[in-house]
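Structures for review follow.
Two complexes come next, and they have one chain in common, chain A, joined by chain B in the first and chain C in the second.
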Partner chain A sequence: MSPIDVARAVRWTRLPGPLPIDHGSVDSAQWRAICAQCRAEGGRLAALWGSDERAAGQGFLVHAIVASAQRRFWITLGAGDADPRFPGLGDLFPVASRLERALFDLLGVSSGAPDTRPWLRHEAWGPADFPLRRDFARADPMAPGAPPYPFVAVRGAGVHEIGVGPIHAGIIEPGHFRFSVVGDEILRLEERFGYTHKGAAKRFEAMGLVDGARLAGRLCADSSAAYAGAYAMAVEALSGCTVPPRALWLRALAWERERIANHLGDLGALCQDGGLAFGHTQFGLLKERWLQTHDRLFGHRYLMDAVIPGGVAYDLDAAACRSLDAECASILETTRRLQDIVDDHAGLQERFLETGRIDEARVRALGGLGLAARASGIACDLRVNTPLPPYDRLQTRIAVRPQGDVAARVGVRFDEIYESLRLIREVLAQLPGGPVRVPCDGHGGLFGVGIVEGWRGEVLVAITRSPSAAAHHVHIHDPSWQNWPLLEHAVLGDLVPDFPLINKSFNLAYSGHDL
Partner chain B sequence: MTLDLVVRQALQTLFVIAAAPLLTGWIRQCRAWLGNRTGAGILQPVRELRKLFRKEPVVASEASALFVATPYILFAAMVLAGAIVPMVATRMPLAAAADAVALAGLFALTRVFAALAAMDLGTAFASMGARRTMLVGFLAEPALLMVLFTPALISGSTSLIVIVRHLAGHGFVLYPSMAFAAAAYLMVTLAENARLPVDNPETHLELTMIHEALNLEYSGRYLALIEWGAGMKLLVYIGIGVALFLPWGITQSHGLAALPGAFALFAVKLAAAGAGLAVIETLLAKLRLFRVPEFLGTAFLLAVLGLLVRYLLGS
Partner chain C sequence: MHKLIRQILKTGIVRHPPSARPEAPPEGCAEGRALVAQLGRAITVRHVDAGSCNGCELEIHALGNALYNLAALGVRFVASPRHADILLVTGPVSRAMADPLRAAWEAMPDPKRVVALGDCARGCGIFTANYATLGAVSAVIPVDIAIPGCPPSPETIREAFAALMARS
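And now, the complex of A and B:
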C-alpha cells in the first residue's frame, strides 16, 4: 500500500473554528506514512507532543501537527501504557529530534531515536521522573554530580571549544552555546536550552481553561498577544463559540502592534550590536513610546490580558482610533528616516551584509518558518497563506528577502513594520461595530487548535480534553523550536565576535521554547 | 630650582591620575549627548571606581601571583607613563626618560602582562581576549613607531622633550608629513585604547569583546585598578598626541607661574580630544574583527607615507 493509500484510510474529522485543520487517530504505520507524504509534498512538522490519557484507558497519546502549503493535519497515535514508545520522525523532520527528546523528558514516551540526551531536563528532576504524567506528584532535584551533557566534539589541529552561557556577561536570557572554533572562525555550534523551563504544561492542568489565558499570555512576554490569541482560538474552537467580528479586528490590531514593538526593539538592538549606539537610542525611544500607548489604550505595556477567550478585554472609542492612526503616521516617517541612516551607514552595512547567511534550501530542509524563513526567500506567512478573519479582508503583503543574511532579516523587519502600520490603519478605518466579547466557558469538544502569526512566526496552541475525566492538556509550540537549529547553521564559517549580531538578527525565544 | 622640578613632576602625575576617570566620564557624557540621551554625568566613573574599591575582590583559587600582581603593574606603568610624557611642562626630573621608543616599549610591556594574566586562569573568554589584544597590539605597535619617527626626523631626536621644544619653539609651521602622522596616530590611539571602531567599550557581549574580555575574571579593587589604568592610558595617548602635534602651551620656563595656565590649556585640549573621540565613536560602527588588520595596516601605511614625505621631500 502506498503512503497516500495509508493516509486515505484515516478517518479525518474537521475541527471546529476558523482554522482549516483535520484531526485523525492513526496507527503507527499511518503515523509514519502521513508524515512521509507531508515531507514529500514539501510540508513541515508544526508541533509534536504527548499527553497522558491512562485515566481514560487510552494510555499515552502522541500528537503531531503537520502542515503542507494549504492544509494542516493533527494526527494522534496511541503509544501504549507500560513501556510507551512511538516511531520517531527525526529522519523526516530534523526538528522532531529535539521535540522527541523533550517529549521523553516530560512524559517518558520514547521515540527510539539514537540521541537520548535530555533536552528540557537538567538537574531539577531525575531521569526516572516524568512531570507530565498525571500521577506525578513531585520530584526532588537530582543530587549534585549529575553526569555531564555530552556535546558533539570536533577534533583537529587548533580546534578548541568556547562555551557561552547560560550566565552571560550582560543581563540576557539563559541559553548555552558551545562553539567549536579555529581561532575566531566557527566550525560548529551546538545549542542547549531548558534553563527557563517553568513547567507551564503541568500548571495548565490545574487551571480552568478560561483562566489559562492569563498564564498563556505570560509565558513569552514579547509575544503575549500572539500566545494569548492562539490560546483563545484553541479554547474557542474547543467550545464552539463564535467571536464577534469587532473582537477579531481588535485582535489583529494587537498582533500587528506587538509585531511593530518587537521589530523596533530588535532593530535598535541590532544597531547596538553593530556598535552604532545612535540607532539603539532612537529605536529604543520609538519602542518605548509605542509601549506607553499600549499601556494607555490596551491596559498593559506588553498587551497582557488584552486578548481573552471569547474576544478582547479592551475597546477603542473614536478618539483612541484617531490617536492610534496619528501615531502610525508619525512612526512611519521616523522609521523611514532611520532606515535611510541604517541603509547608508557603510560600517553597519559591512557588518550586516553576508553575515550569518542561511540559504533557502537549508531553511526548507530544517523546516524553518516565520521571519527568519522569509528572510531566506520562503514566502510563509499565515496571514497570507491561510488568512483567517480579519486578514482575509486585509490583503497582507508578504515581506520576503532572498539573501538570508543579517541584512535580509533587518530588511524584512523594516518591510514588516511598514506593512503592519498599513494594516493597523486599515483595521482602524474598517473596524466593525458590535460587542467585543462573548462568553466562552471552554466546554464542548475534545480537540482545539489555535495558530497566530506572531512576530517570530506561527505560535501554535493545541488543547486536548480527556473524553471521560474533567482533565485537559495544553500544548504550546513556539516557532523558535523550528528556528533555533537555523542559527546553528547560519553561523558556520562566521566569526565568533559576529555571533551576538547573528543571534540577535534571529532573536528567538528562550522562555517560549523552554516553557 | 630642584623643588620646582619636583613640584611640576608631582602635579602633572597627580593630574593624570585624577583626571583619567573624568576624561572617561566626559567621553561617555559626550556620547550620551550625541545619542540624545541624558547621560550619567562625568563623575560616573569616579563613582564606579569607589564602588569597586569597596567591593570584596573574588580571585579564582587557581590564580597565580601574576594574576593578582598584574593590576598593580598596569596601574604603576600607566602612572609612570603619565609622569614622563611632557603634557604641561618640559622641565621635569623624569623628562629625560621620555623617549618615544621607550614609551612604546612600556605600552607593550603592559600588554604582555595583561595577556599573560588573562591566560593565567585558562578560561575561554580571557584567553580569547588575550589573543585578540595581542593581534591588535602586534599590528598597532609598528604603526605607532612609524608615527613617532616622523617628528623624530623633524627634530632630530626620539626624546619627546626635544620634539616638543623643537616643534613648539618654531612657532606655527605646517609639516605635511605631520598630517599623515597625525591621522595614523589617531587610528592607533583608537585601536590601542579599545575604542570604536576596533572595540566597543560599552559592550556587554562577551563574544565580541577585546579589552573587556581580558578583565572578565577581575573584580573589586583589581578591576578598579585596571579600569583606572585604562583611563590613564587613554589620557597618556592623548598627552603624547598633544606633545607631538599640538605642543603649544606646554611650559618650558623654570618658574611655577606658567603652570596654572599650562594645566588649563591641557585640560581644554583633553576636553576637545574627548569630544572628538565621542563624535568618532558615535558616527562609526564596530569593525568586523578580521577588518582590524586592514584598519591598522592603513594606519601603518599613513605613518610610512608621513615618514617618506619628510625624508624625501623634507616637508
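And now, the complex of A and C:
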C-alpha cells in the first residue's frame, strides 16, 4: 500500500473553528506514512507533543501536527501504557529530534532516537521522573550530582571551545551557547536550552480553560497577543463559540501592532550591535511611544490580557481609531527616514551584508518558518497562505528577501513594518460594528487548535480534553523550535564577535521555547 | 550624514515627564538608602533572568531609551557580577537557574544588595512554586528590595531606582 493509500484509510474529522485542520487517530504505520508523505510534498512538522490519557484508558498519546502548502493534519497515536514508545520522526523532520527529547523529559514516552540527551531537563527533576504524567506530584529539591551535559566535541589542531551562558553579558534571557572555534572563526555552535522551563503545561492543568488565557499571555512577553490569540482560538474551537466579527478585526489590529513593536525594538538593537547608537536611540523612542499607546488604548504595554477567549477585552471609539490612524502615518514617515539613513550607512551595511547567511535550501531542510525563513527566500506566512478572518479580506503582501543574511532579516523587518502599518489602517477603516466578546464556556469538543502568525512566525496552541475525566492538556509551540537550529548553521564560518549581531537578527524566544 | 544630523535635530532633547500615575512604592527603600550612603551616587547593576517570560527584560531595555534614560540617574548595567553593587533579578527562579543565580550573587563584592523585579520574582506572579520553579528569588538569595508589577512599568522601576539614589 502506498503512503497515500495508508493516509486515506484514516478517518479524518474536520475540527471546528476557522482554521482548516483535520484530526485523525492513527496506528504507527499510518503515523510514519502520513509524515513521510507530508515531507515528500515539501511540508513540515508544526508541532509534536504527548499527553497522559491513562485515566481515560487510552494510555499515553503522542500528537503531531503536520502542515503542507494548504492543509494541516493533526494525528494522534496511542503509545501504550507501561513502556510507552512511538516511531520517531527525526529522519523526516530535523526539528523532531529536539521535540522528541523534550517529550521524553516531560512524559517519559520514547521515540527510540539515538540522541537520548535531556533537552528541557536539567537538575530540577530526575531522569526517571516525568512531570507531565498526571500522577506526578512531587516538588522535591533538585536531583543532586547530575552529570555534565555532553556537548558534541570538535577535534583538530587549534580547535578550542567557548562556553557562553546561561547568564549572558547583556540583558538577555538565559541559555547556553557552546562554540567550537579556531581563532575567531566558528566551526560549530551547539545550543543548550531549558533554563527557563517553568512547568507551564502543568500549571495550565490547574487552571480553568478560560482563565488559562492569562497564563498563555505570560509565557513569552514579546508575543503576548499572538500567544493569547492562538490560545483563545483553541478554546473557542473546543467550546464551539463564534467570535464576533469586530473582535476578529480588533485582534488583527493587536497582532500587527505587536509585530511593529518588536520590529522597531529589533531594528534599534541591530543598529546598536552594528555600531550605530543613533539608530538605537531613534527606534527606541518610536517603540516607547508605540507601547505607551498600547497602555492607553489596549490596557497593557505588551497587550497582556487584551485577547481573551470569546473576543477581546478592549474596544476602540472613533476618537481612538483616529488617533491610531494618525500614529501610523507618523511612524511611517519617521521609519522611512530612518531606513534611508540605515541603508546609506556604509559601516552598518558592512556589518549586515553577508553576515550570518543561511540559504533557502538549508532553511527548507530544517523546516524553518516565519520571519527568518522569509529572509531566506521562503514565502511562508499564515496571513497569506491560509488567511483566516479578517486576513481573508486584507490581502497581506508578503515580505520576502532571498539573501538569508543579517541585512535580509533587517530588510524583512522594514518591509513588514510598512505592510503592518497599511494593514492597521485598513482594519481601522473597515472595522465592523457589534460586540467585542461573547461568553466562551461551552464544553463540546475534545481537540482544539489555534494558530497565529506572530512576529517570529506561527505560534500554535493545541488543547486536548479527556473524554471521561474533567481534565485538559495545553500544548504551546513557538516557532523558535524550528528556527533555533537555523542559527547554529547561520553562524558557521562567521567570527565569534559577530555572534551577538547574528543572534539578534533572529531574536528567538527562550521562555517561549522552554515551555 | 546630513540626514542623520537633521533627524537628531528634529528629535530634539526628549525629557521624561513627571510621573502621571501614582504607583505602589518599592518595598524596602529605606534599606536601599543605606546602600547609597555606602556606595555614593553611582551604582552598577548586574541583571539575571531567573526564568522570566522576558516581560521584565523588555522594560529594563525600555529604561535605556531616551525617555527614561536611567543612566542619567547614575545607574549603569555591567556584564560581570564582580563589578556590580546590585543584582537585579527577574522571574520565579526556574530550578535550572537557581545555581547560576547563586553563583552570580556569590561573585559580587560586599556591600551588595538584591532587587527582585516583578511579581514572579517577588513570589506573587502567575508562576507558583512547582517541580520546575522555586517560586521567588528569596527562596535562593536574600532580597532587599522588591518592585511589583507584571511587568513593572519603566516609571515604576525608574522611581524605585530614583528612591535608591536619593540622598537620605
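Here is the rule we use: the second predicted complex is superposed on the first by the 509 of 515 C-alpha atoms of A that agree within 3 Å, B and C clash if a C-alpha of one lies under 4 Å from a C-alpha of the other, contacts with A are read in each partner's own complex, and residues count from 1 in each chain.
Rule of thumb we're sticking to: a contact is a pair of C-beta atoms (placed from the backbone, for glycine too) under 8 Å apart; a residue touches a chain by one contact, two chains touch by 3 or more.
The structure presented is a predicted model; accordingly, all values stated were derived computationally and were not measured.
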First (chain B), second (chain C), both or neither touched by A:I341: second
First (chain B), second (chain C), both or neither touched by A:D211: neither
If touched residues of chain A are counted for chain B and for chain C, the larger one: C
Which of chain B and chain C A:F499 touches, first, second, both or neither: first
Which superposed partner A:D392 touches (first chain B, second chain C, both, neither): neither
Which superposed partner A:G170 touches (first chain B, second chain C, both, neither): both
Contacts of A:T281 with chain B and chain C, given as first, second, both or neither: both
Chain A residues contacted in one complex by chain B, in the other by chain C: 169-171, 278, 281-282, 285, 345
Complex interface listing, chain A residues touching chain B: 160-164, 168-171, 183-184, 273-278, 280-282, 285, 345, 347-348, 350-351, 355, 495-501
List of chain A residues in touch with chain C within their complex: 122-125, 129, 131, 136, 138-140, 142, 166-167, 169-174, 194-200, 202-203, 214-215, 218-222, 224, 265, 278, 281-282, 284-285, 287-288, 291, 295, 301-302, 304, 337-338, 340-341, 344-345, 509-511, 514
Complex contacts: residues of chain B adjacent to chain A: 31, 34-37, 124-125, 128, 131-132, 196-197, 200, 202-209, 212, 216, 281-282, 284-291
Chain C residues touching chain A - in the complex, by the definition given at the top: 3-4, 7-8, 11, 14, 47-55, 57-62, 64-68, 77, 79, 91-92, 94-100, 104, 125-133, 150-151, 153
